[in-house]
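Going in written order, the chains are labelled A, B, C, D and E, and every chain counts its residues from 1.
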Amino acid sequence: MTAAPFISVRDLAKHYVSRGTRLNILEGISFDIAKGEVVGLVGESGSGKTTIGRSVLRLVEPSSGSVQFDGTELTKLSSSQMRRTRPRMQYIFQDPFASLSPRMTIGEILTEGLNIQSIGTRKERVDRARAALEQVDLPADAINRYAHEFSGGQRQRIGIARALTLAPEFIVADEPVSALDVSIQAQVINLLRDLQQRLGLTMLFISHDLAVVEYICDRVIVLYLGRIMEIAPSADLYARPQHPYTRALLSAIPSPDPDAPRNRQILKGDIPSPANPPSGCVFRTRCPNALEACGGAVPQLREVGPGHFKACIRDDLN
Amino acid sequence: MKLRIIASALAISVALAGAAGLSTGPAQAATLSGGFDVGPGGFQGNFNPLAATAGFTWLSVYFEPLVAYDEKLQKVVGVLADSYEVSADQLTYTFKLADAKWHDGKPLTSKDAKFTMGLAMDARSGSVLAARLKAIASVEAPDEHTLVVKLSAPSASTLDTMTKVMMLPEHALAAIPVDQLAKNSWWSTAPIGTGPFKFTKYVTDQYVELAANIDYRGGKPALERVINRYFANPAAAIAALRAGEIQFTYVDSNDVSTFKGDEAFKVIEGDSYVVNYLGFNHESPIWKDVRVRQAVMYAINRDAIIQSLYAGAAKPANCAYVVDQLIPQGIDTYGYDPEKAKKLLEEAGWADINGDKPITLLTYYTTPLATNVLAAVQAMLAQVGINVVPRAVDTPTYNSIVLNPKPDVAQFQMVYAGLQNGPDAGSINVGLNEKQIPPAGPNVVRARMPELNSALDAALAEPDASKRDARYQDVCKVMNANLPWATMWVANRYGVVSSKLKDFIWTPAPGGGPYAAHPEKWSIGE
Amino acid sequence: MLQYSLRRLLIGAGMLIALSMLIFLLLRLTPGDPIDAYIDPNIPMSPAQLSDLRSQLGLDQPLPVQYVAWLREALTGNLGFSIKRQDQPVLSLVLSRIAPTVLLMGSALVMAIMAGIITGVVSAVRRNSVADLSFSVFALAGISSPPFLSALIGLYIFAVSLNWAPSGGMLTPGAEFSIGDLLHHLVLPAALLSIAQAALIMRYTRASMLEVLNQDYVRTARAKGVKEFWVIAKHALRNALLPVVTLIGSTIGLAIGGAIFIESVFNWPGMGLLLVNAVETRDYPVIMGSTLIIGACVIVVNLLTDITYAVIDPRIKVG
Amino acid sequence: MNAPFEPILDIRGLRTIFRTRGGEITAVNGLDLTVAAGETVALVGESGSGKSVTSLSVMRLLTRNVGAIAAGSIRFRSKDGSVRDLVALDEQQMRKIRGDDIGMIFQEPMSSLNPVFTIGDQISEPIRIHRNASRKPAMDAAIALLEQVGIPDARRRAGQYPHELSGGMRQRATIAMALACDPVLLIADEPTTALDVTIQAQILDLLLTLQRERGMGVLFVTHNLGVVAEIAHRVAVMYAGRIVEEGPVAEVFRNPRHPYTLGLLASMPRLGEATRLKHAGQKLAAIPGVMPSLANMPDGCAFSPRCRFAINACRVAVPGLAAVDPAHQSRCIRWQEVGQ
Amino acid sequence: MLARTPRPSPGPTARAFHRFGHNRAALFGVGVIVPMLLLILSYPLWWTFKPNDIDLLAMNSGPTATHWFGTDGVGRDVFARVLEGGRISLLVAVASTVISAIIGFLVGAISALAGRWTDAVTMRFVDLVMTLPPVIFLLVLASIAGTGIWPTVLVISLLSWPLLSRMIRSRLLELRERDFVMASRGMGAGLGHLLFRHGLPNSIDILVVYATLQIANAILLEAGLSFLGLGIAPPAASWGNMLNAARSTAVLEQFPWQWLFPGGALVLAVLAINFIGDGLRDAFDPRAELN
């Protein structure tokens, strides 16, 4: 990461006040993404991964922090400047049913962005929509149909095609396969990887499934309760997880391999509420390796290997 | 908790169902219940005779004035005054008081009468009579049974006004500051009068109950109790009458037919003393030509309307009056003649004056009967080419439009209204005399007819009662010729009583009277 | 809970002030002068009489002065005096009308709740059965008929023709007060008033019940071996009634509307009759007073509904 | 039945249909399945394969007037040793079995708990129904159950409402509820799908422990092959309403003999493997196409349109189950080639 | 699925109407209201009598071959008046529904999309309007606005919008968080695009159902107002003011055709519209999409 990063997130934070209690959804999130790189964001529900994805695109307004996109500070843009910048960055949603308007034809959905941005003539827009359909392996006659006529996997392809119509450079893919059945999931993963490589896309890939992330990402960020626990190149992370949470997460994934060793490490207790996070390291209440010192200061990310960072005060666990 | 709610709900519903099975017991034999304040003569909820613009039928069951009309509303007779005298110059009225007692046993004296006159003449007391008593110069009580009222100038309506002054007990009211009097609860909780019945209780907006005053000077009343029930509209009262819950009520004339031929009820019919008219707004240019006004008279088949809608219970009016002695010979009767109406309109150039542009016909009458009448009038005028559009509004709106000193002519080119034309024939003066144009008075049609003014003035100033009818005939003649209004008719009004009632006197007097109804004689049989 | 209730009450008080200003403003827009209500066009008054009346009623002051004066008095509990009936303070007039209206509406509500919930549950459980169909059609007919029409027909049939019930009023005049007499007068108007509400509650209960019957926890209850009756009466009904409670609170407006017609047809001495008369006669102090009291009642009922909801639904935490 | 291996649940030829506006749909067709005491059988398949319908059919909890058992028998051995066909029981007899002999856990712990009753109330309810227990002892039993399923501070939790508990705890509570009357069979319908991985691990661990302690039979419905490998002894793979392969888990996963099972296993990204694939520039082995709609089934083998082994014979008739070995069966006419 | 349905299937609105077409109660409603509308609109072409023609010789006559529904107190033909009354009642109902739908949609949309401060103020105002029990508000408003068609329309519109604006607001607040709206914003959509390309189409069910039920409601409100003498003033006919005649005992008892027919027409029309409204609600119910 010597060149200036394409995306640079610094100290991103998000708080909500709900019924008088303050919820700290995100705290001190900083990371970079290089051009053409695919970065995975993993964590369990409530870890804030979707909030990061949306904050980066300013689909939700972060409470504080900075997001630089190709040298532009997004958080400072006016709403009309932001609208002009939007075609360069697109979002792919998790739920293939909720993400397509039930009242629009696929053609309308695919040309919506072009309409909004006033790109091309009517005919050019339709042509681009057809091209996008082709890119995701759907027949061109899909254009006059409504979303409800398609299966989950097909809908997810349409969602991907919509993101592609504006020819973005950066895509946030928010759990794009977790709502799909296994056999369909593989099709969509393959498609996304193909497209990313073919179009040279930069991608932030959000998932709770470490196995999927490993397959598609160059680097992985592990989140827990709104904080980054570990960042590492994928191969390194899976081979040598450094943070106790990452280790527990990896070990919790059930393997279909009947011969795999069954020495699972089971975390105790539940994820704490963001209304009342533990002091110091937020993971310490469930951490098998927690020390008294973990309750003190919030551990900062430290580089423990080339490009490998962790937010844990213990170095004696290897 | 839920069980308890269900249990109590069940209990209530069982009780309700049980109660529904009960039938209405007949009212006690010696009690008369009636809708005394139903209809135009009533004023439900008002207990203060000083503030009363109507409702005297009921008030005079327990209060009494010095004088009142007789039951035919033809002459003024003594009530609390055994006799009265008017001096020849019409300036001095002397009343000789009867030997009466208040309901609390204290004797009525001329001091009470003087006190009452003082309140009635003082607007601060809430008296609506103050302005009408302005002509009074002094009130004196030379002895216990004599009251002398002196006027500064003759005023023909003084006796009429005196009938509405209900005598009030000084010993009960003197302590209350005059300007607090109207708001005092005495009126609706413990009023004391001299009448044949005593106030016993008022159940808010339900009914007022009176008990016999056994010491009444005219003898012990035949009834033990009289109850005045309140109804939101005549239909509700009729329902109660037919259900046997009350024995008397006013009814709208179009409901009379349901009682005709029914042995259980008697229908009382009487002159309403209100003349209905189509008033031309004389500030609107379209009515300038008298031929147009005549055309309106000819175009409306009043006889047909009276025969059909009023079932014959009205007299066509060719001026403000319908009583024989006030009608001169040889006035135009304006018989139904649509061809003549068309001709007159043509001569007047109606097509240029207005043509078929809509003409707003404003009214405050909202009864079903009036609605039908207006529909008929609209249809009849349309036949000759006058396009009127009736607009019925509530009384306050009507007043605010027509009494406005600078009225919007477009809002009321014409009114359908009524005006009291008796028992004092002079009461129509306010509606027609040029001096009474708003804001000075209620001459809402803005009639400016010098001939009419002088006829009215002459009639009002006539000191000789025997010559007064002739003066009013002159007024009638002028009205008939000049048509400040298109006079329609004087309708009858009705009351229906149970056949069980005996010696019951009721007459549809304007404002409810007062008249000599002699409630002490009312009785009820089985 | 207490803090929540207090906060809601405070908001309610603010709403009331805003309401009074709104009504005052509305009345100010009314053409004409309240004094106009005082004149019988058949028996006119002279201008002198009118101006006497006007100053006596305090109507010669400018409007803002009248409002501030009114508000100051209102805060001390004095809502002024009726214009038409000067010896009657508005407050006592209005207060004396609350009990009859509450009685009428309360009994109607009880009847409506019982009828509505029972038929609603039966309809939902026996969906598409003859019972469901007839209840549903009845309910739809109930909300499709104008209250005054059913009131008139009911009055005509039950009071005038059959003589089962009195034609109006709350008590037999002159008779000693008895509960039986009161109920005898109450049952017909209350039953007629309850029709529309019962219909609404039935439809809502049915819809809510159908929704609840599809919930997983109903299936769970069955999977536990709970008897079908208790599945319905305990697991489903308790949940289905939650939204119905809110509905009952919000039908209070409808009920007040219906009460106006019922009261005017049955001569029931309640708020509705008072208000209709006041509007007809432009009795401003009474309009202000009664609208405010009704507004206050609505606010209180809404508050009670919310609190009830919070009490019976454990998911809602207040305070 | 005097076979050495005596099942507590023996489903034979089960056919479950749904009546829809478009006509009847067969959701489960000719299903045979057994569960023995102390055995965990996983029913695995993708959405729409009919696995949940099967579990609801056993409980006879199909939506009335919509779903119905059209054919087949479900023989079940109760606690008292009597063996009855559940299909033939009337509603009242069935109700006595539900919650007592058979416990059930559903996918969504939040929606399957009644929001307006406390956890304790809901857990004690089956005890009060089936054991005629009064309130107090039933509540004590409920608290004991909560402790058994690993909920700390059980007495306080018993007085709380479902929304006051975390997702994992709710699922523990539903497990406690299902186990309240010591059932001989537990049906778990996707019990961990709605949970996070770390919580899923806890719940699986709990279920394994409980099953071992109590010796119940478990019918475990899931779509997650990893979970199957963790928890089940035997697995039945469903596709479009039919079982396509069945056998001991280790055997089926190591040596799949149906192209669908094979494809399913291959399309699962696995930890560690992905990095190797990526470096090799290889793709995940996806199954092309989508599962046919139940209303519109192809002739012959339902999987044939997506099958790379399919031949003309596959499209003629639905293949029967072929025995790969006595315990392992595959519904594929080319199972021998599939294995290679 | 795709491969087996070569023709594109209709959109969600079209499917809703298709479902509507299978609802027997709703079809009954249509079967009542359409002929009624045709009669109401066409009667001047084929019916002998005009609604305001009086005939004092034939007043209060019962139904005959000449006067199918009899005549009223001034001999007007009740049949003609029922149809004319239907015109006015429906005109008032439809006009007030359109106005209140526009106000309700805009207020709800602005409240949902224009920021928290505006939202708070608007919603407090809506609360305030809703605190006034409807009929009371109506009485006061009507006494200000006066009688006649347009004042009545105004009064009913002003009364009815708050309910809709609440429904629209909550729908749009929910919609704002939906993924496809998020996607639209992510492509740079502005307020206008969101409102008209997403807000309006996705509120169409609310609007259609509201409009239908509100028409029924408005007919009842108009009747109530006219009954109290505050709505349509006679001699213009409306169902409500024709029913006012039933206040007279004589009419109620002796001339039942004078109120039975307008009353029947009113109840039938409202019932039919409510059936249609119910049918539309079921047809547009998102859960129906799942079947």
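Following the convention adopted for this analysis, a residue touches a chain if its C-beta (ideal position, glycine included) is under 8 Å from a C-beta of that chain, and two chains touch if they have at least 3 such contacts.
Here is each chain with its UniProt name: A = Peptide ABC transporter ATP-binding protein; B = Peptide ABC transporter substrate-binding protein; C = Peptide permease; D = Dipeptide ABC transporter ATP-binding protein DppD; E = Peptide ABC transporter permease.
In this text the structure is predicted, and so the values were computed from the model without any measurement.
Counted as hops between touching chains, the shortest connection from chain C to chain D is 1. Chains touching both chain A and chain B: E.
The two chains most heavily joined by C-beta contacts are B-C. Centroid to centroid, with C-alpha atoms defining each point, chain A and chain E lie 48 Å apart. A straight line joining the Cα centres of chain B and chain E is 43 Å long. With centres defined as mean CA coordinates, chain D is found 32 Å away from chain A. The centroid of the Cα atoms in chain D and the matching centroid in chain E are 51 Å apart.
In chain E, 1, 143, 247, 249, 252-253 are the positions where the chain touches two or more neighbouring chains simultaneously.
Annotation for chain A: residues touching 2 or more other chains are 151, 154. Annotation for chain B: residues touching 2 or more other chains are 233, 239, 242, 394, 397.
Residues 31-34, 36-49, 52-53, 56, 81, 84-89, 93, 96-97, 107, 110-111, 113-114, 155-156, 159-160, 163-174, 179-180, 183-184, 186-188, 190, 264-267, 269, 273-274, 276-277, 280-282 of chain C touch chain B in their complex.
The touching residues of chain C, counted against chain D in their complex, run 215-217, 219-228, 235, 238-239, 242, 312-315. Interface residues of chain B, counted against chain E in their complex, comprise 233, 235, 238-239, 242, 252, 254-255, 257-258, 301, 304-305, 307-309, 366, 368-369, 371-372, 374-376, 378-380, 390-394, 397. Residue ranges of chain D in contact with chain A, taken from their complex: 46-47, 166-169, 196-202, 204-205, 223-230, 249-250, 253-254, 263-265, 267-272, 274-275, 277-278, 283-288, 290-291. The touching residues of chain E, when paired with chain C in their complex, are 127-128, 130-136, 139-141, 143-144, 216, 220, 223-224, 227-228, 240, 243, 246-247, 249, 252-253, 259, 263, 266-267, 270-271, 274-275, 278.
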